[in-house]
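Lettered A, B, C and D in written order, each chain numbered from 1.
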Amino acid sequence: MTVRVVEAPFDPAAELATFARGRSDVGAVASFTGLVRDEHGGERILAMALEHYPGMTERQLARIEAEARARWPLLDVLVIHRVGRMLPGEPIVLVATASAHRAAALEACAFLIDWLKTKAPFWKLEETSSGARWVEARASDDEAAARWERR
Amino acid sequence: MRIRYFAWLKQRVGVAEEELDLPAEVTTVGGLKAWLGTRHPRFAEACAAKGVVRAAVDQEFADDDRPLAGAREVAFFPPVTGG
Amino acid sequence: MTVRVVEAPFDPAAELATFARGRSDVGAVASFTGLVRDEHGGERILAMALEHYPGMTERQLARIEAEARARWPLLDVLVIHRVGRMLPGEPIVLVATASAHRAAALEACAFLIDWLKTKAPFWKLEETSSGARWVEARASDDEAAARWERR
Amino acid sequence: MRIRYFAWLKQRVGVAEEELDLPAEVTTVGGLKAWLGTRHPRFAEACAAKGVVRAAVDQEFADDDRPLAGAREVAFFPPVTGG
């Protein structure tokens, strides 16, 4: 499985240590890790709770991965997304891509995280000292995802 | 039909999911939204704000004109914010 | 030091394990790893020897890193480039970037490897079964680097 | 002045570096290239092919019109291929 939704903390470096290893046809590996920050909009974040839509999540992630593989000659892909409650500094998401050449790995990695942010059913609830608040979708995320729409 | 709510929409409606028999005249996602609004005033309020209530039919994103024929599960949620 | 030129094999996953760790202001980490492939232009590669210009190399890498930090709000940057003889599957270069948000981390990572490829004095010598050959510069690398020229 | 050669240019010329006293009329990178070509025929051959011989003066990339006044080290090499 190259797409995983996990409730427990995970270690991106440990995942990357085994990603595409032992394959000497891989010339390029790109990765992106998203982490919980301790600040948002000037307010201190105590924790983050990630809700998702079980079933649809896995389906959408698999679809996004398939789209990336159709667009770029990828030799390996890994997507891990955490759900549940997590603390500042903890990883939320890891995307990794492997290809013979760097352009494919770098572009596919950016594509995967851009599409994941707008097409996978996750919702972030931030816990602050003044209570919990749902994170609002950002126009910049829609714009980033739209870059990759086929014209 | 099974109706599910996520994120703050779930908190507004007050339930995570419900099993409902739809009236015959409810045939699309848009029609279902309007009908659910009569049962949950705060759902109607949310739907009145443009673009904040998204839907999925059988775990596929769906627009208001999507027919419900054959569907088993419809979910409503705010725009996604993962990653 | 965030720029290192090394002769011994290095482990990108181990480097990433400590990169930007313990910083809860980091929301995004991007990385790129370039590896020796076992094939190039239809010929089997037995080994790769990286020659460089000691002194100028470090100077150029530091300059490229400074340029990235000037362009994007980066919280951390790491560039490791290996020199000497290495085998297929072994890492040649690692670039990692950390920022509050993903666009800065992803763009700066792509920028760093694109500029490194055209502005740092490294030369690759491939060992094949029919002898050693110097790798020729590619026009696509110049084009990738030119994307980042200020207009 | 110290002259250095890298990659296949070093193999062509046959030395990695040499310490040379330049004649007074050699004042630019381009002039130095021409003069070195008279000492190393294979260096002249390489320079005749457009774009394959690059230069650095005191570890900074330099074009042919770059003056040599004050320079301690000039290096010649093919286009870089790292990463």
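Just so we're on the same page, contacts are C-beta pairs under 8 Å (C-beta built on N, C-alpha and C of every residue); 3 or more make two chains touch, one makes a residue touch a chain.
It should be emphasised that the depicted structure is a prediction, and the values quoted were computed from it without experimental measurement.
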Rounded to the nearest Å, the gap separating the Cα centres of chain B and chain D is 72
Expressed in whole Å, how far the mean CA point of chain C lies from that of chain D is 26
Whole-Å distance, C-alpha centre of chain A to that of chain C, is 23
Residue ranges of chain D touching at least 2 other chains are 83
By the touch definition above, chain C meets two or more other chains at residues 34, 102, 113
Contact graph of the chains (line, ring, star, complete, other): line
Contacting chain pairs, sorted by label, are A-B, A-C, C-D
Within the complex, chain C is touched by chain D residues 4, 6-8, 56, 59-61, 75, 77-83
Listed in rising order, chain A residues that touch chain C in their complex are 11-14, 16-17, 22-39, 88-89, 100, 102-103, 105-106, 109-110, 113, 140, 144
The answer for chain C against chain D in the complex is residues 34, 50-53, 55-56, 59, 81, 92-93, 113, 116-125, 134-138
